[in-house]
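Once you've had a glance at the structure underneath, I'll fire off some questions.
Which chain is which? They are A, B, C, D, E and F, in the order written, and residues in each are numbered from 1.
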Amino acid sequence: MKTSVYRKSRFNSAHRLHNPALSDLENEMIFGKCNRPNFHGHNYELIVKVTGEIDPISGYVVDMKVLADLIKEHIEEKFDHRNLNLDTEEFKTLNPTAENIARVIYDILRTKIDAKFDLGIRLYETERNFVEYPG
Amino acid sequence: MKTSVYRKSRFNSAHRLHNPALSDLENEMIFGKCNRPNFHGHNYELIVKVTGEIDPISGYVVDMKVLADLIKEHIEEKFDHRNLNLDTEEFKTLNPTAENIARVIYDILRTKIDAKFDLGIRLYETERNFVEYPG
Amino acid sequence: MKTSVYRKSRFNSAHRLHNPALSDLENEMIFGKCNRPNFHGHNYELIVKVTGEIDPISGYVVDMKVLADLIKEHIEEKFDHRNLNLDTEEFKTLNPTAENIARVIYDILRTKIDAKFDLGIRLYETERNFVEYPG
Amino acid sequence: MKTSVYRKSRFNSAHRLHNPALSDLENEMIFGKCNRPNFHGHNYELIVKVTGEIDPISGYVVDMKVLADLIKEHIEEKFDHRNLNLDTEEFKTLNPTAENIARVIYDILRTKIDAKFDLGIRLYETERNFVEYPG
Amino acid sequence: MKTSVYRKSRFNSAHRLHNPALSDLENEMIFGKCNRPNFHGHNYELIVKVTGEIDPISGYVVDMKVLADLIKEHIEEKFDHRNLNLDTEEFKTLNPTAENIARVIYDILRTKIDAKFDLGIRLYETERNFVEYPG
Amino acid sequence: MKTSVYRKSRFNSAHRLHNPALSDLENEMIFGKCNRPNFHGHNYELIVKVTGEIDPISGYVVDMKVLADLIKEHIEEKFDHRNLNLDTEEFKTLNPTAENIARVIYDILRTKIDAKFDLGIRLYETERNFVEYPG
């Protein structure tokens, strides 16, 4: 049986929910106060899950320090203290809902983590609203 | 791959564990202090999980505001600041264990949420005891 | 300078807010859903604070094990898995608001803890509503 | 002795730290990544403390429902899902540090809460950085 | 569909990460500060998950009190306030990584819990690093 | 009125409670399982409170980044992933109770932080046991 390891991380970002393919009125009707033009923001909490076999030499699935550094370099550096809509390539046209942010984080980390490991992303936008990909 | 969204909610209720088909002595032996006649209570914490595809227009699996309103209308209004044994139809004869409460909440919400979505319920009775349905 | 030690504890109780000196209508107007006749309940979280000098032999202000046992014997045994209004002497006529519960706990523990120590009570009724006595 | 009651609330806002009286270089040197031009954001967590005597009729210091509504009307409506720098009068020229936000919230609520009560504000910008006014 | 019940527990232990089959230099290179010779320690948080059918008489999957007692007797008594490397048979030669501790706990509890139930272990070494077995 | 800022930090250490001036039997009677010879350990959680005036230029009481670096350099580097009894000068002869650790941290940081600021230390040994100095 496999073992999963989890690493929690954080980034603080501004965003607004907005689909540029919709009219302003449609955006407001769908996204309400999350669509307000000058942005709001969140303390995002990210949990990265890596599933695989325990290495018999180290007793690790993966080295948590290495995993933490990967997350820091490829996710925190990109999103922390940034405006997701304005400052990132990923959300120039993609609406930064929690669902889409989780999927984007998955796609980034998937290329950095050996394919023999399964990968899962949980992202808390607030304490009460969170998402998981794959679900 | 699908995405899951989670919404956390709360309700504060009185209850006692009691199976009316058993004798008082059997109830006391099985349920101990949870069977005391004048009830005790909990701050129940509910996490509803909905799994499906991300809608390409909204970037949502489901609108969290709509999900929160469903939970408020069909779960919180029914259970919050109520005595589960005395004030609800559901637990007139069904013993309100955390397991049964989770199953009842699942059954209620399953009829309100489109069948194309998977549904999961996690219910915390206390910080240290919680249940999940389906498990 | 003195040092404070804190011990966290829990009890799960049913209660309703009700002042028997008021009419039913007045009770309902003041206490709303907290006045419902069949009770609701909470996971109360109690933090007891004891302030004094560090004993040079033990390095303790007070032995946390002794403090925990005091709380267990005099507070948890009395209130846990009980109906505050029906099962306790203290709230037969006193309305079991968080404020009054905290004051009652203070009065009980004050007689059990050496007068050379200051005593403080924090009581969480929910994660969002809590009280402190003395304030 | 008096009793304190506490009410926790939340608002999600964008902001940047910026003192318009300073040069861009000075702002960047003092505030680092918090000064980035396109804003970032936080899930602010607010705890309002009100200290006074317990009313013998209600058993309340203040009605938590009334306090929660005050916070909702005067703080959440103003700051939640807003850009503090762009969308609020208070921070048009005042730098929205956690310290200043707490002081502004204090000043707003102080005029809404009877002077016989003491008032205190705790504001969490993140789980690891928080402030209190008065301190 | 089955239901899962979860029970949270805690134990506070000293440990160091060290594989006696490796040289001191290799141990230091792989495990860094976790390999320091005089040990460090953690407040481990354990969540045991048991999955099965709800018993129609009790409304329980398993009696949480019985489950809590099992965990206390077979896990807490063994690991709490102990040095995992020096005081336990299990980690005399096995490196006490979170992954290995979770697997050891699984193996112990698997023999104590009826085979008709599925068993899962989640172990928090810190708030930010945790593991799950099976994963 | 002054403002307080708080910074939360963590360190994971091994320790045992032991007063070398007492006999082994006395140590065991006073400290119980905390006295076991091979150490146990904790995820200590430290909250440092600094109270003073808000600087009108920065809007800060103190720069949280500077405060965090001070804590990292003088507290975390010294105590994290260490055995308090064996690896630190401070607890060679002083019993590392939570009370004494908090006082030692206060004494270290007091020399690093401008005397115009008040300083307070809160230290969590576990979620349920914590201390404050000054109290």
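Keep in mind that, in the parts below, a contact is a pair of C-beta atoms (placed from the backbone, for glycine too) under 8 Å apart; a residue touches a chain by one contact, two chains touch by 3 or more.
None of these values were measured; they are calculated from a predicted model.
Common neighbours of chain C and chain D, listed by label, are F. Chains that touch both chain B and chain D are the following: A, C. The angle of the rotation carrying chain D onto chain E, fitted on C-alpha atoms and rounded to the nearest 5, is 180°. Chain centres were defined as the mean of their Cα atoms; on that basis the chain farthest from chain B turns out to be F.
Relative to chain E, the most remote chain by averaged C-alpha coordinates is D.
Because chain A and chain D share one sequence, their contact can be compared position by position; here over half of the interface residue numbers appear on both sides. Inter-chain centre distance (chain A to chain F, centres taken as mean C-alpha positions): 34 Å.
Mean C-alpha position of chain D lies 29 Å from that of chain F. Listed for chain D are residues 127, each touching two or more other chains.
Those chain pairs judged to touch are A-B, A-D, A-E, B-C, B-E, C-D, C-F, D-F, E-F. Looking at the complex, you find that chain E touches chain A at residues 17, 19, 21-22, 30-32, 94-100, 102-103, 127-135.
In the complex of the two chains, the chain D residues touching chain C come out as 1-9, 51-52, 54, 57-61, 63-65. By the touch criterion stated above, chain B contacts chain C in their complex at residues 10, 12-15, 33-34, 36, 38-43, 80-83, 86-87, 126-127.
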